[in-house]
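Okay, so chain A shows up in both of these, paired with chain B first and chain C after.
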Partner chain A sequence: MEILSFLARRIAQGLVIVFLVSGLIFTLLRVVPGDPVRLMAGGMAPEALINEIATKMGLRDPIPIQFMRYMGHVVRGDLGESFVRPANGASTGGSSFDDSTRGARAKVLDLIGETLPMTLQLAGVAVAMALVISALIGIPGGLAPGRWPDRLAFYVSSVFISLPNFWLGIVLTLLLSVKLGWLPAIGYGGFAYTLLPAFVLAVELSPVLIRTLTGSLASIMQEPFIAVGAVRGLSRRRIIANHALRNASVPLLNLLGVQFSGLLGGVLIVEYIFDYPGLGLLTINAVLQRDFPLIQGIAIVTSAIFVFINIAVDLAATMIDPRLEY
Partner chain B sequence: MSAEPILRVRDLSVGIAGNARPILADVSFDLAPREILGIIGASGSGKTVLSRAIVNWLEAPLVVTGGSVAFKGRDILKLSGGAMRATRREIAYVGANPMGALDPTLPVGPQIVEKLHAVAPEIGREDAKRRVITLLDAVRIPSAATRFHDFPSQFSGGMMQRALIVDALVSNPAFLVADNVTQPLDVTVAAQVLRLMRELTVSFDTAIVFISSSLPTACDAANMILVLDEGRVVERQQKDALVANPTHAYTADLVANTPKIWTGTTPPRTPPVGEPVLSVRGASRSYHVRKRGSFAGTSEVRAVRNVTFDVHAGENFGIVGESGCGKSSLMRLLSRLERPDGGQILCEGVDMATLSGRDLLAFRRTVQLVLQDPFGSLPPRTAVGAMIEAPLRIHGLGDSKARRERVVAMMREVGLSPELYDQLPLGLSAGQRQRINVARAMILEPRILIMDETLSALDQAEQFKLLALFETLQAKHGLTYIFISHDMALVRRTCDRVAVMYLGEVVEISRNERLFFDPGHPYSRALLSAIPTLEEKRYRTEDCLLDGEPPNPIDLPVGCGFAGRCPNAFDRCRVESPVLMARGNRDLAACFLVEREAAPVLEEALA
Partner chain C sequence: MSAVDVVAFTATPKRSGSSISQRIWRLAVSSTEFRIGLVVFVLLALAAAIYPEASGIDPTHMNVRARLLEPLFIGDHWSIAHPLGTDQIGRDMLVRCLVGLRYSFLIGVATVALMLAVGCALGMLAGYYGGMVDTLIMRITDAQLSIPMIILAIAVLGVSRPTIPAIILVLGLSSWPVYARVMRSVVMNERGREYVRAAQIMGASNLRIMVGLIAPLVIPPVIFVSVLDIARMMIFESVLGFIGLGVQPPTPTFGNIIADGRKYLLDAWWIATMPGVFLCLTLTSINLMGASLERARHRIFGGLA
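Right after this comes the complex of A and B.
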């Protein structure tokens, strides 16, 4: 029952957050300079025509009215249609204002539906890699505070933190893909294409995870129940695996929840570098093309994912540590 | 004892790596099967180090520098890690910090099963679980099978200590080292744990090394006592002989400083019957706490329930009870840090709740508070003089020169050297810090001083000195003291009248002599039976102390609050709540048994 009331409360909060984010993005998109109709119709289109199209599309109505109309569609599961992308795939430029293809514009939901799984796969692999890296480096560090594994963890995280992701992505592509031919890098043609970009993201995620894990493990190892475990006859392996790591994972989990927002930024860049057909690439193109409905849809979906992940993380944390309040 | 000793400690020395000063020097003793050996010593004498050394559990920088600890003929200090872990089945340890001893994120029962499984892998999970539940039941943890799945934070200190005793005994060890196990517990719970340990040596065939910083506690538990001073065994005697003829100076001091309750030579002071300066009239106070895991639900904690008493001018009034009984909540009401949400508190005839503005300020001068913690309560970056002067400044009294003179005079009066005036409180002893607190309270020339556990953190000698100071101050300034304490011995020594609190209620108010020699309430008797003393007890734990701990003030039982633990409870107690009833001579107790004995007195009076 406690879990249900927790979920109900958090989901309600989440909906509010998603609504506010949507409203904010919606407003921003409409006040920043740059008229999407101008982009769609092309620079040569007469002003009157642009105004006509814009009025037809409702873009000249007051923002709150536009927003409410939009949200009315959203709650029915309709995220609208892209301004610029045809249903068949390739993005149309703004060269022609001949509007014959308007009926065949791609649905935003479909566009997101195609790319989101790719990005989730990338993010999942990246987080898994980051966790493995942080465990391999952070756990020995946390168990030997002040000694060389601790210092190693410190240096590794310092190096990782100072590697720019675009630079690392390019270097790794040149080395592993172009020179050695071990891994494919550009585009997507199977799971192997995920590995390099995921690794670049993992390197970006790891430093904070390593530091948190080292720090929290080192402080948990000072807790009396760790020392008492030895006199109770538990082996050191067991104490560390069953108790120290369990306790140390709570701050790590909370951090992961926060890091996901950072991950989104990384995804944009990495997908762009590797031409990885995910949500990040879609976002970049959508922004470049001022594709309002698409940007708007992506914002709603990502903020919903963000809310969902934070609920999941908190749920997992309370599962591990019952003292945390729902 | 002719039996081969289980444990033979010989010339055990422990030091710190790279430091010549030994922490333990040449400690030798034997432990016979089923024996309870008491070890006492001052703080820092090496008790904890010894207790850890004999279970081969020293951590850097401590190292064994010589000697042996032979368990069943084998020196365990020389065992390898694996062999030592196997031996842990036979050697158990319980420490002074029950709340920190288990992983807070896992339920208690499974952790004990885990330990049993680690030292005795041949026992199956189901068997292990059954065994743990049986033992939890044996140490009288209520509804053990459900409690098995509770988390450490859901256990009280006393229950946790008992669970750890289960954890220690679950593998049927040959001996158990108990380091200060009763220290963090309330007196009645400590007495229960002690009784439990004595029973267990018999039923489990376990020998115990019982280490304590309190001589009476050690004497309660053990027959043979070893005295440790600066890492050396300075004395070993049977307990009676030790108390009668201590040979070493430290032991002699310890025996002399152990307070006496019934055989003391305290000259009975006739309590002054002046005007009531403080009248508590049916005061109640509840707090609302958020219910775990609900939207907006709160539970009501009834911290103070319908409390009524008078404190007379010049009196020493005591309020005793165990942790959580509402003492400190009542203190907050008496000092008007909070207002009661039912009833009234009158100070010199004026309802405190109505005070405001200048009257409130004047009241604050009349009633001052000295708190428990001598370390936390002083701002570390303020000079001693400025600290004592602060109340004068707040109340805008005198110019800076006059204030300084008053502060210096006050420092002299409480026994602080005026040289401390410009110094920071760093490095001052607990006693000196407490004197600063007293000076801070006294500087406003209050009429009433409320002492909330003021002396608890001090050792016996310091307590004596401060009590003498209180007496002098009282004689000079006509003060009224209210002592709030859990320490019955202290109350016996200082108070004229005492209110005993249980679950937010005052269950007895009696004059000192009456309370200690003829208590009116079964809970008072239980408290008396649990005082650690060296004397023959007037009230035996066996008769007066039932199991269990105070119920939670959130879900109060109907009927008498004490019924669940009362050895005298009968049917009526579970349906009806007793109120304070006169027992003659202004002594009151809230127990139906009083009615029965009081009735004839009343008839006599009528006749």
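Right after this comes the complex of A and C.
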């Protein structure tokens, strides 16, 4: 029962966050200069036509009214249609304004639905890699505070956090893909194409994980229950695996939840570099094309995922450490 | 800034003779890691401050006869006048990287100053007054933390002209929430202490208590943490430059040089690689110093690690 009221409360809070994010993005997009209708209709369209289209689409109404109308559709599960993308592929932006070959415009929900799984795959592999890297470097560091594994962890995390993701992506592509031919890099044609972008993301994610793991593990090793474990005759390996790491994983888990939006920012750039057909690439293109409905849809979906992941993280944390309250 | 940090931050500091911030500073400076970072940083800063003018080379000067020179001693097509080689239109790579470093660092520092100012002010208000003010400010930070700042930055800079003040404003205004949260939790902790209550009883105004009493105590450790954010903002600046939304060419920045060099990657690897090496060295030196400060703060505050 307790868990149900926890879920209800968190979901309610989450809805408020999603609503605020939508409002923020919606207002921001309309306040900054730049007319999307100009992009849709093409550069040569007469002013009168642009005004006509804009009025027909409701883009000349006051922002709060536009926002309420939009949210009314969102509640019914309709995220609207892209301004520039047709349902059948190529972008319509820039073509002449009276081009009759332009078909129906793509649904925002479909566009997100096509790209989201790709990005989840990339993010999943990246998080797995980051956890492996952090464990390999962070656990020895946490077990030997002040000695060389600890210092190594400190230096590795300082260097990793200093590698700009786009530059690392370019250099690794040049080395591993072009010169050595070990891994494919650009575009997508199978799972192997995920590895290089995921590694770049993992390098970006791991410094904070390494530091948290090292710090929390070092302090947990000072706890009485670790010393008592040895008295109880447990092997060191068992103490570390079952007791120390289990406790150290809670702050790590919380961190993963918090880092989600950072991961998303990284995904954006990495997908752009590697031309990986995911949500990040879609976002960059949507922003550059002033595709309002698409940007808003992506913002709503990502903030909903953010809320969901943080609820899941809190649930998982209470399962690992029952002392935590909902 | 994780939950762990916040806990460590609010833990009661062990009081002693010298101020907490002085002790954090001294502990950090005494570490090898900090000193390595400092030496590398000072060398790079001196080079960036002196070399471009001293060498008399204009970073935008084109020289077609000296195009695509390789870096010194690599390959057989290099010149002593251009130690790191030249790009596709004969501009000197070393000078371009160093000028890029200037822009990157100055934008990073200005951005962090802005986000510190906004974040600390709002966090102070939320923590001191609590109630509605707190709820409002915290919900805004929640919302803003759930949108990747890079999307915000691209959305705004994509349509307005990316000038230096615009870049500083966008980066600064999209990353203050972390500071607001930390400040809030520290201030909430201070609010109940005797000295604050004593000042209230003596009739000090709220503004005076916040600015005169609490701020000097809690802000210095926050500034130490912000060193790490200078590096983070420098990365964001370079990302923006890379996707064409940073300081515009011909002004060289790390981002736009790398974006440029990417087109010539197969024939001239150094154009995209060299600025990255400079950026990475600078960031590592700043991060070593920042992380040492952070670690010292953890130890002094008696938190984790």
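For the reader, a short list of remarks on this structure follows.
We adopt the following convention: the second predicted complex is superposed on the first by the 320 of 326 C-alpha atoms of A that agree within 3 Å, B and C clash if a C-alpha of one lies under 4 Å from a C-alpha of the other, contacts with A are read in each partner's own complex, and residues count from 1 in each chain.
Everything that follows uses one rule, which is that contacts are C-beta pairs under 8 Å (C-beta built on N, C-alpha and C of every residue); 3 or more make two chains touch, one makes a residue touch a chain.
Every value quoted in this text rests on a predicted model; they were computed, and no experiment measured them.
After superposition onto chain A, the partners chain B and chain C occupy separate space and fit alongside each other.
In the superposition on chain A, no contact is made by A:82 with either chain B or chain C. Contacts of A:296 after superposition: neither chain B nor chain C is touched. When chain A is checked against chain B and against chain C, the one touching more of its residues turns out to be C.
In the overlay built on the shared chain, the residue A:321 is in contact with chain B alone; chain C does not reach it.
In the superposed model, A:225 lies in contact with chain B only, and not with chain C. Once the two complexes are overlaid on the shared chain, A:206 sits clear of chain B and of chain C alike. Minimum Cα-Cα distance between chain B and chain C in the superposed model: 6 Å. The residues of chain A shared by its contacts with chain B and with chain C come to none at all. Listed in rising order, the residues of chain A touching chain C in the complex are 16-17, 20-21, 24-25, 28-29, 32-34, 145, 151, 154-155, 157-159, 161-168, 170-171, 174, 178, 208, 211-212, 214-216, 218-219, 251, 254-255, 258, 261-262, 264-265, 268-269, 272, 283-284, 287-288, 290, 295, 299, 302-303, 306-307. Taken in their complex, chain B has these residues touching chain A: 52, 55, 57, 59, 85, 88-89, 93, 95, 97, 100-106, 114-115, 118-119, 151, 153, 167, 171, 292-295. Residue ranges of chain A in contact with chain B, taken from their complex: 1-2, 5-6, 9, 223-225, 227-228, 230-235, 238, 242-243, 246-247, 250, 320-323, 325-326.
Of all the residues in chain C, the ones that touch chain A in their complex are 2-4, 33, 139-140, 142-152, 154-156, 158-160, 231, 235, 238-239, 242-243, 254, 258, 262, 265-266, 269, 272-273, 275-276, 279-280, 283-284, 286-288, 291, 295, 298, 304-305.
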